[in-house]
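There are two complexes below, and they share subunit A, which is joined by subunit B in the first and by subunit C in the second.
What follows is the complex of A and B.
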């Protein structure tokens, strides 16, 4: 048997294209951004480029708008993921039953997930339109609101609508992941609990949730990192307004860099985001280890 | 009594299903309806939910009109096709090779390398976009379809590596070993045995890579100005402040979503398998 290449060399050849593309396009810019973050560099004055040390970081951390946008991001993330997990779980429980047209329902339910975020934002922006939107029309006809509202100019409802758009897109995905986990639970566990006199709610709390806990945690982690990156919905639906209420951290960085043209400060914000993300993943990994132990 | 209880349960179940399906379908269906409603009906108060004179004029206009926004939109569709197909090919080739190495070969620092790929997958695009913008502008790579393909590929490849690795692990190693005893070398066994057996995994990953590239917005928004604009940027322009043609906005949205939606409906089985495989094993 001719061996040709050694295993080590073959592995190297197979992996090197991936390493090259990722180093050139992700890692090098990542390091470059760190370097830029130590300079006072504004594109409006391109010839002035002074070393500024940690100045950009201090400026950002002293900036109230930065904290506001971080708070907005946390608000968006907690609410949208909370709703997605709750609704996704309920939908998964329903879809796990036997019913006519199950195949069709399971096929169609994925549609929102396939809709690109920019289109998703367009859809909800149109629904929430203050003059011709269907939301106003339906609520007015039902007598829930007395007069048409400008939803996307309302500090509370603008954020809620962004959250609703996100929940609409991602609940089906969460539901499908939960459904796959539910299908791995053997029926006799439920039967045994039934014989022991456990009611349906009790069965969900003491059998279903513990058994799909690993899936819940994976979904939670995946969705948190995605939600933290939210940008498209904000850009199309609210542009961060009204009064900064929906400016999330990605949008804030975008504004600082590409409208203020402040490259140094934008890079510093980027690195502060990396810091928060790392903290978050550290916390998640720790909680994962804890669940493994018990 | 038992029978009545059972009946009631059934009724509640079907009500729940109807509510779920309504929430899932209504928003997008409403956009489709808006796109074929006449302007008069679109701007009527209260809203007309069923158009009296459905019209496909806007779809025709999008493919024939000379309006600059519409021309940009057409170009966006073509660009998005080129970019997404390019990314799919690059990611599948690079991701399959690397995924195979991680699944089957022994080499030093294997776990560390795999973790490195996972780490790059977590970096938010906004973090590197500033540096990318400067590097690309120095290299004269702004507003180019090729740049977008490279950029998206580098973000999607780690995901494909991870998924293909998990797929290859499920294929028994005996199969390749048998082929290697019969005189195949490793590469031969990879192409003749492993890749044909991994078709479902390749299809799922290819589709996911295509969809992720199709819906990308932030990079395209910042790095393209005219000739390489993608469909998402074009749609965002339809919704811009100076442009208040709601009908055209809805039509653009429907066209931008119809391709991913159709792909998902056709290949749903593969995609769901791909999406859930990682999460359920935990």
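What follows is the complex of A and C.
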């Protein structure tokens, strides 16, 4: 007589807890942040809280520091991802070959990725330290530099070192993803190309790259978002210095919100970032649509 | 096709997550704090647990604070105190995130001279004006008291009485043919040139110029030494002219010429202490705590050669930074009486006398106490002279914004990205905007 719940109802009941949690910790803060971004609200001056319309957005877009931090972010993103894709691709190609101890190398290569981000940042901060860092000591011993340099206070090198730290950590991830894609390419394609007289470089350009293009784009999207949000590296290694040269957009948002307590403006910046990211993802999706299918 | 769908979904999820992380990290940060420092369930009936936030550098060492707290808990078995230590440069943000989260945060917090304005106007701190009696106030060094006062209200108990001192390596100076430490910054430059010429030290002076609060603090000393002022009475910027400008020009010029160690721009107090203690600098400016450490053979290769001088002046005799700090009580605490008891104990004459090695007492009367003098006679004597030249960072509610602008622009100037004039003009623009914004 007893009839069980219909499948639909059961499913609904089962996902209710998840929905409640998502609303509480995702949707609500998201909407609340949007709401706050329309107010001139500084936690240090709660009594001055006032509706400000789009004022926060206008203030931010007129702020020179905001644009510089955005530029810094783009610089970081382009360089680190470019290097990661290039190095990751090369490493994947090597790992795709047959050689003794391949399993060992494949395991070892993943280690940097397994290191917690803050640890990675601290390690690189120490490596780059001007007094006791190994970077100075190695370059000096090799005779590449004449005297110890202050890497993390150099307007150019500070950003480069942050990029290197990021590349060191995320190249393995990229390499493993590429490796997975490479293994789906059938060997007979290469054999056929070989018979047709294509050299190794030609084979990579004409077979490998087109066939792993979807993976390249997935990696690109993943890494772009991650790089755009980079925070831990900056917070630990440079705190945005020297002379603002490594202040990326997420660190800028943090400063605005938590150091200056400017909740309204901080939320506005966060939403501006969301806008930029949506734009980026739109562009990526479009470029994906133009991909030929094999 | 399926693949495209998956990717589109992934992207949407990513955009979503990005938004959440960036826009609502407020909730995240607050959540973490709460998770980390959940007070332990009260063991015995009626026992109270206080959470207390300190810094782990300069002034009293972490060990000192733990010992003092253990003494306090022994004397007050019904009060338990949980301690948290963070680096000075993280202290401000830590306080702000925990006290503004609504979750309560810490019961007592360590506050620096420049924060009472901001914290008190945000309502973070308990007004304890009636607890600090006028008798107490008379015996406390004015600079230490100033660190906890905002609009005639006392919002914290003075605890750490500190100023910066000028440390020099006597052996190096003798070698270079100088009998006295530099009395002015120009003299420091002259001595530095000889030190470099004779190959005694590569970069004679290391200073705290990392792009953080330290930089604004150090600039304050140069500014006043060169006879500058931050603002006029109506808070109009004055630092981009006269003494303020000359100060920055001095900093930039000596950075370019190598008198000042290029590592300064990534160094705060501990880093400078290390360089000086390794014998890689002839001059260093630092707080009281370095005196003991720089003369400790386990910590320093130049122990015995380290001497104290009056902070150099230029237009004025000398200028040193008010590094006084106080213990504030959170306005959200559930145990204001117990918190006061703890804070009072930390600052009590008995404690301050016994732990005078890393930070001198806030009480004037203790400076004539033979036991206090005995801990480090040279420093105590120098402090009496140095206290006449204490200067303060600007005390305005929008100090954090202002300080950030100073940090960025001073870096721009000393790293040769902008001229000192341009850099300070840019700070002045920021200052004018801030003043206008918060003038209501």
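Descriptive notes on the structure:
Everything that follows uses one rule, which is that the second predicted complex is superposed on the first by the 288 of 294 C-alpha atoms of A that agree within 3 Å, B and C clash if a C-alpha of one lies under 4 Å from a C-alpha of the other, contacts with A are read in each partner's own complex, and residues count from 1 in each chain.
Heads up, the rule we're going with is that a contact is a pair of C-beta atoms (placed from the backbone, for glycine too) under 8 Å apart; a residue touches a chain by one contact, two chains touch by 3 or more.
What you see is a predicted model; the values in this text were computed from it and never measured.
Shared-chain residue A:255: touches subunit C; no touch with subunit B.
In the superposition on chain A, contact of A:270 is made with both subunit B and subunit C. Contacts of A:130 after superposition: subunit C is touched, whereas subunit B is not reached.
When the shared chain is aligned, subunit B comes close enough to touch A:236, but subunit C does not.
Taking subunit B and subunit C in turn and counting the residues of subunit A each one touches, the greater count comes from B.
Contacts of A:244 after superposition: subunit C is touched, whereas subunit B is not reached. Looking at the shared chain after the overlay, A:8 reaches subunit B, while subunit C stays out of its contact range. Using the contact criterion defined above for the overlaid structures, shared-chain residue A:115 touches subunit B, although it does not reach subunit C. In the superposed model, A:176 lies in contact with subunit B only, and not with subunit C.
Of the two partner chains, subunit B is the only one touched by A:99; subunit C is not. In the superposition on chain A, the residues of subunit A contacting both subunit B and subunit C are 25-26, 29-30, 32-33, 131, 214, 217-218, 222, 225, 228-229, 250, 253-254, 257-258, 263, 267, 270-271, 273-274, 277, 281. Taken in their complex, subunit A has these residues touching subunit C: 25-26, 29-30, 32-34, 43-46, 48, 65, 130-131, 147, 150, 152-153, 155, 214, 217-218, 221-222, 225, 228-229, 238-244, 250, 253-255, 257-261, 263, 267, 269-271, 273-274, 277-278, 281, 284-285, 288-289. Those residues of subunit A lying in contact with subunit B across their complex are 1-5, 7-8, 10-12, 14-15, 17-19, 21-22, 24-30, 32-33, 36, 91, 94, 97, 99, 105, 107-119, 121-127, 129, 131-134, 137-138, 140-141, 168, 172-173, 176-177, 180-181, 184, 214-215, 217-219, 222, 225, 228-229, 231-232, 235-236, 249-250, 253-254, 257-258, 263, 266-267, 270-271, 273-274, 277, 281.
The part of subunit C that touches subunit A in the complex is made up of residues 3-4, 7-8, 10-12, 14-16, 18-27, 29, 89, 92-93, 96-97, 100, 118-119, 121-123, 202, 210-212, 262-263, 265-266, 271, 274-275, 278, 280, 397-398, 400-401, 404, 407-408, 411-412, 415, 417, 438, 440.
Residues 13-14, 16-17, 20-21, 23-25, 27-28, 30-31, 34, 42-47, 49, 90, 93-95, 97-98, 100-102, 105-108, 110, 113, 117, 120, 122-132, 134-135, 150-151, 153-155, 157-158, 161, 180-181, 183, 185-187, 211, 214-215, 217-218, 221-222, 232, 235-236, 238-239, 246, 249-250, 252-253, 256-257, 260-261, 263-265, 268, 271-272, 275-276, 278-280, 282 of subunit B touch subunit A in their complex.
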